[in-house]
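Contents: one structure, followed by commentary.
Lettered A, B, C and D in written order, each chain numbered from 1.
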Amino acid sequence: MSQPAPETATGGSTAAAPETGSATSRSVPQAQRERLLELDGLSKSYGTVHANRDISLHVERGEIVALLGENGAGKSTLVKQIFGLIKPDRGTITIKGDASPIKDPRDAIRRGIGMVHQHFQLVPVMTVAENMILGNETTSRGVLDIDGARRLVRELSEKHGLRVDPDAEVEDLPVGTQQRVEILKALSRSVDLLILDEPTAVLTPQETDELLKVMKELAAGGTSIVFITHKLREVLAAADRVYVLRQGAVVGEVATADTDARGLATMMVGRDVVLRVDKDEATPGEDVLSIRDLVVLDDRQLRAVDGFSLDVRAGEIVGVAGVEGNGQRELVEAIAGMRPPQSGRIDLLGKDITKANPHETHVAGIGHIPEDRERHGLVASYSLADNLVLNRFSEKPFANGFVRDFDAVRQNAEALFTEFDIRAAGVSAPAGSLSGGNKQKVVVAREMSFGPKLLMAAQPTRGVDVGSIEFIHRRIVAARDTGAAVLLVSAELDEVLSLADRIAVIHGGKVVAEMPGKDAERTEIGRLMAGDH
Amino acid sequence: GGTSGPATGSGGGTNSAASGDCSSAQVFCVGLVTDVGKVDDKGFNQAAWEGVEQVKGELGAQTKYVETTDPKDYAKNIKQFTDAKYDVIVTVGFLMADATRAAGKQFPTTKFIGFDQFQADPVVPNVTGLIFHEDQAGYAAGYLAGLMTKTNKIGVVLGQEIPPTQAYAAGYENGAKAANPGVSVSKVYHPAGQNAFNDPVWGAGEAKKMLAQGSDFIFGAGGGTGNGALQETAKTNGAGDKIFCIGVDLDQWDTLPAAHPCLVTSAEKHEKDGIGELLKQIKGNTIKPGNFFGTAGIAPFHDFDSKVPADVKTKVADVVKKLEDGSLATGYKA
Amino acid sequence: MADPRDEPSDGTPVEGAVATETAPPPVLAERGAPPPPTGVLGLLVREQSIIVPIVAVIAALAIGAVLIRAQGVNPTYAYQSLFTYSFGTADGLQATFEKMVPLILCGLAVVIPLRVGLFNIGAQGQLMSGAICAAAAAHAVREAPGFLIAVIAMVAGILGGAMWASIAGALKATRGVHEVISTIMLNSIAAGLIDYLVNGPLKDPSQSYPSSYPAPDGAKFQALGFVPIGLPIALVLAILVAWMLRRTTLGFQFETIGRNRHAASYAGIKLGGMIVLAMAVAGALAGLSGSIEYLEIDPYRYQDGIAGSLGFDGITIALLARSSPLGTIPAALLVGALRAGSSTLMFNTGIQPEIVDMLLAITLLLVSLPIIAKLIFRRHTAKSSALASSWGS
Amino acid sequence: MEWVKRNQITVGATVVVLVAAYVFYGINSNVATSMFSGAWFFAVPLVLGALTGVVGERSGVVNIGIEGQMLVAAFAAFFSASASGSLVVGVLVGMLAGIVMGAFLALTTVKGLMDQIIAGVVINIVATGLTSFFYRPGKVLSANMPQWNVPILSNIPLIGDVFFQSGPIALFALVSVPVVHFALFRTRWGLRTRSIGEYPSAADTAGIDVIRMRLVNVTIGGIFAGAAGAYLSMEATGGFERGMTAGRGFLALAILIFGGWRPLRVFAAALFFGFTNALASQLQGVVNIPQQFITLLPYLLTLVVLAVAAGRVRAPGAVGQPFVKGEGS
């Protein structure tokens, strides 16, 4: 249940939750409002896919408008057109009364539009300062004014309370910080309209709240914001108005004051959505995974996991909660055999798998839903059938010794298709052609279908729409109920709270607290995650 | 000028006005197959072709060449000519020896001239090898350099290390030492590889280095690679006064004008003459199987005639004569 | 954390609900691609990987005709001489076939690493090293029966090539040395070492020019009519490689690494080992082609020029074949025929053999520029996979 | 000084090399000078060729056609110089030929979306075919390329002799290295170039015209390969030979990677290679090992150095990948 129940959002039950829960308390007087953006009949097709059809909407000055919709509903397509990245087939975009077409991003920037993209648009090997000025450089006698850029970064981070080091290289920064850089970059050019495409997908709760606060301050200062997210809590907390998209068309518009999470979800999916994970009490069995004093180095040879110990028993879900960058990734990779630990010991069902490679851990019974599905979980150009046996291609019945058995591969895929409700043209469609939610279902299907002893799920619902989240959560619980041990690693505190039978809070690479999931307190865990213990 | 247009189209059968039927006894047809390389290579392919062209008029011959691009095509390229019933086929280069002998056995009525191909016993009756003593040419050149060097340092830049370059190098070194025991000879072979004989830039670099280290004679003996050395020497300060270069294989005064500023002479195999001589023998039916030894020596001094001291000239001429009549050995054993 | 307003789940499978209450989103195999046409056009579109190269060759010949005309030669006559010899005569056909053998094998030696995302510029050195190992082995067992010598020589060639290529593979796998540099360097090192060997330990003293001992007579490959023995070997290997890449777990591992290295290591594929293995297999093929050159082609010795530029031609073949193993066969046939016919072309018309390079370059250009496909098939143009994208890894 | 701190290894290595060079110079000035000159003589085309690679690959376009670019330029430079009787014309035409070949690569790959490696291979084949097909023997240059002595600098012992008494193209190479380095890391053009080679969609969203910039960079970058070609046929020698690049374009590619796509390191790598080459030929006949073993020293040492210093180079992130607007973000 990553979509919090409405009372969590409106009730302000967490200390860090944003103060302003509804739009009515916004301080910008109605009279001052001016139409900043107006879309009229905007349509865009990719071949036969109508990514946007006849979309008309408007944004007032100082208003925060949320775009909501399932994966592939056309949200990114819509905002990319506003930013000049792609051209509409039909329709007009009017910005501050000017309806001339937006030629390219440069034109959009010139006309006061800033955008934070769903996929980071930062150059990884460059510093924050360099990224900040890219495309808008100041030079003195031909030489880049890097000092000026540093100053700019410092000033901006001061102003918006988003701290970043101007000299850090972007690729060394945790994703959350990279997101801050993205936001600062968008703000570094004076913007009237700020577009945020799923900015919170990679943020921790604290970071999210920070961002929502910044957004509201900006709005108060007269900046308009278009905000895309899959998280209803955020919509309700920050936005004034919501447009809901389904299959490329606007299917509803509503003021946040007049709706709740459930209403939004229903509008989005077109049916009633179960926003709650329904599960029975866990009946834990024997120890499946036992980790002792694990030390794992990260890519920079620092001790990311530093003396981590934890047990996971059969039939229970243990949630590892923590701010991203506290060793979760390295922990998961070490268990999966993708990153050799420095010291310590990992046992699976009493067998030492500390030095096992990914193949051996798989054989030993670990199902691993990786954090980064595009990078690790799937081969985009392979068929779904091949992706569904990606780590089992050499096992019977998918291969007879050396030779692969395509019939078995196909049958497997067809079975999983129905079982996991994967929506694609067919089992031979390339994985890259699926929407994010369906991609994730492919990975989940693969990792659950072989009956793992330990299911390790890292950020299993990141960037996935409500309908798919619901489905994936139910499958995880189902896996537990059939006796698998589940290790859930998620930066989504709500997800951990609603799924886990036991919660381990990770900070600085070690477990700083363990508690039963049943009566865990959101605030308490938030405090522990932040290192306050 | 010996650069008589080899590339101007005499290679093909385009000028059909001249092409008669080679199978008829009246038409005397001479075909040439190059080693990998082209008839304008300033080296032995060019020399061989020019030798053919030189006597073409005199013999009333019809001539044509085929350039080899892949060493595995030797037999195939020879067969182009045997199929067209050519009377004589000249094959250039040691590497073609096997293919030439095989073709000779297969086509006993066709005459073959194997340029640079030593014929070991048993000889094929219709194959004659045209052989030169590279060491003798090198010896004469080294003798000249040994007499003339002021720095007592001379150098030689070679292509790949194979028998002909070894012979040139050994002859050069021995000749120089014979003329001047105090002389030191730097020599360098191109690293093996596809371009050992066609890397003028490398040759130039090596010459530059040798000159900087005090050599005042550079012998460039390695096709295009050696030519690079000659050109570099020609460009160096003092070229023609204090610094000299020596060409190789044929009189490079004709083939490499860029080297004129330093080119005293060339260690010459009289290839053109050899080919011409053999073709005449074939026409006159006096050719003998086995080996025909062409002469080797040094080319005329051309513009340097006045710069080479008279006593040097006589001494060198003397050595050349002794080498020719066999009374002087170069000390190189193949 | 349960939302009291949520209706309690009644156990109805939600999948069912989804299916009935919302239409599934329009997901197509190729998102946004128009539906594939049917009928004759459909056939053409599906077979465009075959049609495009054919059109490209025809177009290249047309452009070549202009060049030939510029030399004052009748293009029809020129092409007639070229292809009549290559395909119409027993000698020519044999020459074409002989040239195809190493082209196919070296093409495969480039194709396989490409699948793993490696660019093998080292087929040249691998071929040479295979050839010299074959020569050394054949000489060492020269007293054995001819057939056995041939087999031993081929095995030695395979091992020699594989070993040489594995060096580049191992340097890549363990030390991250870019295979483009290492294979370039290894080509030069092979040339140097072999030059030493044929001047020293392996030199046939009866030859004045550096040259290995000849293959013993019994071991020499005899052509079956005009079909050299190497040809069936190469063809079978091309088919085997295609089968290996497509149907076996090994091929799957290669392919997975090439397409997504991260996913491959996640899936338990041992990257390092596979990289070395892919290079070794490639080297083995190049090495085998070296030993076939030694056993099949006059003068049956390791001599300068045995490798020609075959290793680099392998790159051309692989690209002409669009990195498909079976595609190397027609690509090699084309290149082999052009090369075989080039001397006849010169003999008959005086046109320089370099024209062949020009024709190949134009063909390659037309095959790989999406122009032709776009002109013919428009929106139905198939995407070809990028080779260059692995460059940086 | 902060720069020195950040580049400790580079600075340290440079100091060590310089000290060693001068010690050698002290022992035998003739041999030392000639060997270092030889190294630089050998390195010039590698440096220039690699600079073409730097500009292209930093913009995201792989260039394995450097060999062909150089060959065509060498051909064009020599024959135009010889036909016009003007060296200046020759050099300019050579550079222009490099640019034209660069434009070919740019148009086919950036506009035509052709695979970059294939385009490079096509360039190489076309270059070989064209230059041998249209080669004409017997042409000469009207004059030698001049030797320039750079005032003051040419008087520095060793360094002056090696670097500052040379032909115009070698000096051009010498100047180009720091200029390109500076441009790449300190100017607006450089920042943008690196961004389109690392992560073009980021550049695109920042308002940079990726396609146009790639086209321009890859085209203009050809000027260095063009200069390298002119160097080969006009400055290093005085004539064109078929295939005279003799693999230098591929070596330049290796040097480019060896130098980690950074001009200064490329310079160092090329000099290193040039020096081992000079060392190898110096040792021939001096030490009693077969010549073949000595001459493969440069290649072997390069491999060893790379293996030891492994993992330190990293290609530009988007090199090899075509950019299509609107697909990336």
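Note that a contact is a pair of C-beta atoms (placed from the backbone, for glycine too) under 8 Å apart; a residue touches a chain by one contact, two chains touch by 3 or more.
The UniProt protein names, listed by chain, are A = ABC transporter; C, D = ABC transporter permease.
For clarity, every value in this text was computed on a predicted model and none was experimentally measured.
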Remark   = Joint neighbours (subunit A (ABC transporter) and subunit C (ABC transporter permease)) are D
Note = Of B-D and A-D, the pair joined by more C-beta contact pairs is B-D
Query = So which chain is the furthest away from subunit C (ABC transporter permease), centre to centre on CA atoms?
reply = A
Ask   = If you average the Cα atoms of subunit B and of subunit D (ABC transporter permease) to get two centres, how far apart are those centres in Å?
value = 35
Task = Please work out the Cα centroid separation of subunit A (ABC transporter) and subunit D (ABC transporter permease), and write it as a whole number of Å.
result = 45
Key: Gap in Å, rounded to a whole number, between the CA centres of subunit D (ABC transporter permease) and subunit C (ABC transporter permease)   = 29
Message = How many angstrom lie between the centres of subunit A (ABC transporter) and subunit B, each centre taken as the mean Cα position?
response = 76
Query = Which positions in subunit A (ABC transporter) touch two or more other chains at once?
reply = none
Task = Please set out, as single numbers or ranges, the residues of subunit D (ABC transporter permease) touching at least two other chains.
result = 132, 247, 292, 295-296, 314, 317
Inquiry  = I need the residues of subunit B touching at least two other chains; which ones are they?
reply    = 161, 191-194
Key: In contact (per the touch rule at the top): chain pairs   = A-C, A-D, B-C, B-D, C-D
Query = Of all residues in subunit C (ABC transporter permease), which touch subunit B in the complex?
reply = 72-73, 91, 95, 98-99, 188, 191-192, 194-195, 199, 206, 208-210, 293, 297-299, 303-306, 308-309, 339-340, 342-344, 346-353
Message = Can you tell me which positions in subunit C (ABC transporter permease) touch subunit A (ABC transporter) when the two form their complex?
response = 1-3, 5-9, 14-15, 17-18, 21-35, 247-250, 252-253, 256, 259-260, 262-270, 385
Inquiry  = Going by the contact rule set out above, which residues of subunit C (ABC transporter permease) touch subunit D (ABC transporter permease) in the complex?
reply    = 67, 119, 121, 171, 174-178, 180-182, 184-186, 188-189, 191-193, 195-196, 199-200, 315-316, 319, 352, 354-358, 360-361, 364-365, 368-371, 384, 386-393
Request  = Provide the residue numbers of subunit B that touch subunit D (ABC transporter permease) in the complex, in ascending order.
outcome  = 3, 6-7, 38, 40, 42, 161, 186-195, 198-206, 208-210, 212-214, 224, 227-228, 231-232, 234-235, 256-258
Key: Touching residues (chain side subunit D (ABC transporter permease), partner subunit A (ABC transporter)) in the complex   = 186-188, 190-192, 194-195, 198-199, 201-209, 314, 317, 325-326, 329
